[in-house]
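Chains here go by letter, A, B, C and D, matching the order in which they are written, and residues are numbered from 1 within each.
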Amino acid sequence: MTISAILSDLDSTRSYREELYKFFHQHPELSLQEFETSKRIISELESYGVESIQRIGDTGVVAVISNGDGPVVALRGDIDALPMAERSGKEYAAIGATQVDNNTGQETPVAHTCGHDVHISSLLGAVQAFNSHRELWNGTLMAVFQPAEETAAGARMMVEEGIVEKLSAPDVYLGQHVLGSLPGGAVGTRVGAVMSEAASIEITLHGKGSHGSMPNLGVDPIVLGSAIVTRLQSVISREIAASETAVLTVGSFHAGTKSNIIPDSAVLQLNTRAFSKDVAAHLHEAIERIVRSECAAARCPEPPEFKYYDQYPLTSNDESVTAHVRAAFDEFFGENSVDLAQVPASEDFSIIPDAFGIPYSYWGLGGFADHQNAPGNHSPAFAPDIQPTLDRGVEALVVAASAWLVK
Amino acid sequence: MTISAILSDLDSTRSYREELYKFFHQHPELSLQEFETSKRIISELESYGVESIQRIGDTGVVAVISNGDGPVVALRGDIDALPMAERSGKEYAAIGATQVDNNTGQETPVAHTCGHDVHISSLLGAVQAFNSHRELWNGTLMAVFQPAEETAAGARMMVEEGIVEKLSAPDVYLGQHVLGSLPGGAVGTRVGAVMSEAASIEITLHGKGSHGSMPNLGVDPIVLGSAIVTRLQSVISREIAASETAVLTVGSFHAGTKSNIIPDSAVLQLNTRAFSKDVAAHLHEAIERIVRSECAAARCPEPPEFKYYDQYPLTSNDESVTAHVRAAFDEFFGENSVDLAQVPASEDFSIIPDAFGIPYSYWGLGGFADHQNAPGNHSPAFAPDIQPTLDRGVEALVVAASAWLVK
Amino acid sequence: MTISAILSDLDSTRSYREELYKFFHQHPELSLQEFETSKRIISELESYGVESIQRIGDTGVVAVISNGDGPVVALRGDIDALPMAERSGKEYAAIGATQVDNNTGQETPVAHTCGHDVHISSLLGAVQAFNSHRELWNGTLMAVFQPAEETAAGARMMVEEGIVEKLSAPDVYLGQHVLGSLPGGAVGTRVGAVMSEAASIEITLHGKGSHGSMPNLGVDPIVLGSAIVTRLQSVISREIAASETAVLTVGSFHAGTKSNIIPDSAVLQLNTRAFSKDVAAHLHEAIERIVRSECAAARCPEPPEFKYYDQYPLTSNDESVTAHVRAAFDEFFGENSVDLAQVPASEDFSIIPDAFGIPYSYWGLGGFADHQNAPGNHSPAFAPDIQPTLDRGVEALVVAASAWLVK
Amino acid sequence: MTISAILSDLDSTRSYREELYKFFHQHPELSLQEFETSKRIISELESYGVESIQRIGDTGVVAVISNGDGPVVALRGDIDALPMAERSGKEYAAIGATQVDNNTGQETPVAHTCGHDVHISSLLGAVQAFNSHRELWNGTLMAVFQPAEETAAGARMMVEEGIVEKLSAPDVYLGQHVLGSLPGGAVGTRVGAVMSEAASIEITLHGKGSHGSMPNLGVDPIVLGSAIVTRLQSVISREIAASETAVLTVGSFHAGTKSNIIPDSAVLQLNTRAFSKDVAAHLHEAIERIVRSECAAARCPEPPEFKYYDQYPLTSNDESVTAHVRAAFDEFFGENSVDLAQVPASEDFSIIPDAFGIPYSYWGLGGFADHQNAPGNHSPAFAPDIQPTLDRGVEALVVAASAWLVK
């Protein structure tokens, strides 16, 4: 079978790929600061003999293998790490890894606690496999090493830096994420909404300060903020259909400095998640409606301010593309090809295919043999089993891309 | 008339007293750090020839003039300033005054925006007057220069440092406060509760952190804290009789760091004020009841923590002592002797007379000709008219004390 | 002394007055349905020989004794009872008393549980005393027997029926109320606000019905109403100065018929009380502001409706008139002349003097020897001690009126 | 094909079945009062020559056709109507239909606005078809005509009346419901939770009454109830995973009689829905926890009371049985065999198979050609298209049962 032939070097490249993984794991870098990471990616691609390698922005990398007429398939791997300290207990853990955050000027711990190092290693392995076996397939393989997924900034940056203008549009855009929620070694697919639309909103409430003993001379922003947080609970409980999956969290509430001084203002930070654009739009309309109404109820001297940030689009897998991937997975992986439940997290994966105007599919990759007790992504303990995860990550990319590239 | 004779040097000492006032105004010092202030007080007392001067604690000062048999009258002046910048626009404003706060190690602006500099100057003037005219009165005058009124710590400190053991109990304890709420030059008296019992409470709520998209795995302390703030409003609106004067303010609410992370805990800072001990006790019982109940409603993994601080006792003027003072004021000041409404603020004034087991009276001193537009105490603009305030402050102390010391 | 002479028949009329009281007590009548009551009042007035007696409206009665030049003093007594059953345990209790309510057509229990029967008897006694001793005073005495105080409708009715046009304006308008809160036999006076401004407001909230399982298709008026009730607590706790006496109660909340049907609407009934017109106005503005804002927050399809009813004016005693009454009381009653605290209830007493444009004073009459344990007005157990209450009620009216009528 | 043969009389019976349907439609009867309905069912069954017909309870009917060895298949149809007036506009509408409700003694309008008349007619048609073609199948057909689905009382009644003891256990229990949410003529199947567990809870809150001006003497049950309703919103928004479908509605809130009287108590009626037993249990635990905690916060003199009623079990289709039904539907109905989404309503369907300890499947039957604009079940306008609904209802029952009965 052709796909097995493309993957025939997995045994011989295994120790190389595991070393590569450990290198990325031990050199985690913050979003848009993936300098060493992208340098190493490029040097590996060069070592494979890939002829077209280009940077998009400072740390984005796209490699293209043009192999005759045929479909153009893009495979995406995200490459950034998180500002936190790893506590996985692995011998190869990135103990003490830090980086100066360019936004704050502060040195901060950094760790690959979301598994993007698996994504890089897998994508390099897939490129290596396709490059080594050009005789077995036809078309074009594009490997997109995308920075800054964690801040929702990397895909937008690559679009702003001209990825659409610089490259021909692929026919399909594929990607994967290692997850604690799937059985180890499994690949999970899903048609339609798979990861949520998400947004953060910072709301500044303007009250009127006063001595704590004279609330009647002020407008208490803490009572106001509390009324808002309380009232917002009814958005999910009453305004959104029970069958929808939607979340509205107020993750931060800060106001005041002393017990006996009513402050001038309060600042709330909200996060919303939804699996449809209509629901996301409803959440934002409801938040603004309720906040403005409560400010009116409180007779605020100035209207509230809303600042949206960290906005992630909906990731909604194309039905036809996903069916094609699923059929290939079912055939190759057998019962390791499973259904993926909606993931209550978000991705900027869809931004590039949406910019190209092409369909996409995004699947999950099981990372832990004992997945019932696996730490969640972003947990300090998150570090997938190296195998079969690294092999399966290469296989999944090759199998999925071959559904187009191999006749 | 004898009192007028005791006060006969007011004209000749006026410029001295005004210079003294400006010195204190320009050298504001934080609570329990009134080092220069107490040093200057002692040097002035020594210049008057007062024979008994002692420190109580680092910055408390008590001067005693023993003048034969007769009543013992204590006069109290508080001496500390506030951690804020003055914006009075006065030419003698304490522009740029700062001090290193011994609690935080941070340099902070300091200002006499509560008028304690008036109190010091007036009390020194009264001591000077009584000392210069010993032939006109009989008994003992005790002048208590008390630190740290602003943090409710100074009177307690003087009690802990043995004021009761070191000095004979006075028969009566008298004091005054310059206020923006009285007409300039007026002295205002009131029987019974005049300043509120007050307390601050820091409440730590223990929720359970979670990713913002999975609130069901956590216990959201921001929703909990908001429910508490909202529910606490019903204490004043429903549990306390409408005819009582009581306040419950949540001055500070802090929880969380990011929009999409549900934090582990929230910290609220509350302030309560009441004009009766029963009401104060009810407020605290209600706060603990509601907070504990809401934590139970939220299924908190740990009980809430309550830390009481900045606790001010009720200031409730003795009926007989106050009537005696009022009669003297009526006679001396005529229509400048007025009724004082309850002041929605608190004092540690009563702690020392309560420790001695003696009755007290505390009156207000008008500080602004245009009192309708006067800034409130603790406003950055608070700086009383120098005159007649400084003269009236001396007069009020002398007139009140003479009600006992002059036959 | 002249006043004692006017009152010299109290002993001889006592048993007559007690029988009269028991008659009214046992014949309680609803507001604006005081038919038997007013008939008996008129027949008693006729028996005294009062020459001018007129009905104002169906059940209002005004008697006038013109006794030469001099001040015109109006004395007011209210005459209606309450729709409730008496449970006083008195042998003369109105057991089983009922009346058909003309508004509802329903037979309802009725009782004098607010003491208006004391007021009628006392006012008749005072008229009898002044009428019998015309030689001892000069001027005009006007006795106003006012219906429907309990519904705030009677004084308005007498104004609408032309009391101002039909009678010359008195110089002063005086009245009293028997209270459980004063010591038995005491008369209590107060300058300024003595009884609160009050209003009731029925608020209809328009949501949108839906099946209970599909709240997203509706607008839940129960969640909305609850948010409003909760939010309204902050009006008293935050918007009104702590030193003000103000109450905002939601006494009725009705919505829905079944657990699993979200209703279309909810109806709230609110009651407000304040001791100043500014505070009352603020309460109403705040209620409308908060209700409208919460309806906006809830995206109500129609605006809320506000219906004001049972509106009582502020009862605020004239300073000069009250000082005059107090001086007379102090002289006649000695230590039984006491201070009256603000009464947390409301009256339509002021409507008639305000219509005349004349000053008024309204005092309290102690009704229970054991006043610490006295039932409150409107309690089913409310029935004052017959004596000294009935005598003191006559004395108070005669003493107060004599302050103008006797030189 | 055998199934088509069993269904070969559909054309010839059509007008009979439509008349039968109109009879039931025009003779709607309340739950447990289906006297005429069950009488007509029995007479039709007798006319088919069914040999075993028995009543279970007053209005339950079970017919059994024993046709040799083979599987035992139970088909269930529910037969009761709703206490409401029909407004379908159909010429055969049950205009003016009423019945005296045995619970209340009141005459009430009644209508088949949930489509149970379709269920009866279809089940009779299926019995007729199987009875007429005994040569084509083997085994036993049991037809269960179940009363009182609308009150969740009928299936329980049949269990209490001994259905399990009186009849041999079937191998499988099948049923259907006509729905507005499916395309007309479609049959929709679903594995697992298909209709929700539901319960109603009446909660009585015990406050303490007081005059509206003296809330401090009472415990306000309206503020308490409002706090509870508000706080309960956080159960869905915070305690239940966003991916779960669960609803908590407060459908009724009643307290108080007058604006100025704080009542003694408040009564809330809640309804819960969940698609898993764990979620349902969590909802009930959370409701009791929050209500009890809020009562503690409010210092209620007595604990709250909880009365559960109208409790519906979860309807969760057996995976294997449903797969078997689905395969048969796919083959017979082609693209009219569709997926059914979870229905946000509840059923007592599962009570009888659970009592027997047997698996079940329950499917939906599309009833309206224009299903996008179809009225919901329980709408006064709900009346399905007669055809193809009545034919399809027979077909679905026959096709599903034949999956066991026809080899």
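Observations on the structure shown:
Criterion: a residue touches a chain if its C-beta (ideal position, glycine included) is under 8 Å from a C-beta of that chain, and two chains touch if they have at least 3 such contacts.
Since we're looking at a predicted model, the values are computed, not measured.
Counting hops only between chains that touch, subunit B reaches subunit D in a minimum of 1. For chain pairs C-D and B-C, the one joined by more C-beta pairs in contact is C-D.
Counting the residue numbers that touch the partner chain, subunit A and subunit B have more than half of them in common.
Taking each chain's centre as the average of its CA atoms, subunit A and subunit C sit 70 Å apart. Once the centre of each chain is set as its mean CA position, subunit C and subunit D turn out to be 57 Å apart. Centres computed as Cα averages put subunit B at a distance of 44 Å from subunit C. The set of subunit D residues that touch two or more partner chains comprises 213-215, 220, 223, 227, 230, 233-234, 237-238, 242, 247, 273, 344.
For subunit B in complex with subunit C, the residues that touch the partner chain are 230, 232-238, 242-243, 245-248, 273, 341-342, 344. Against subunit C, in their complex, subunit D makes its touches with residues 196, 198, 200-202, 211-215, 220, 222-223, 225-230, 233, 247, 249-263, 266, 269-271, 273, 310, 344-345, 376, 378.
Of all the residues in subunit C, the ones that touch subunit A in their complex are 213-216, 220, 223, 227, 230-231, 234, 237-242, 289-290, 292-294, 296-297, 299.
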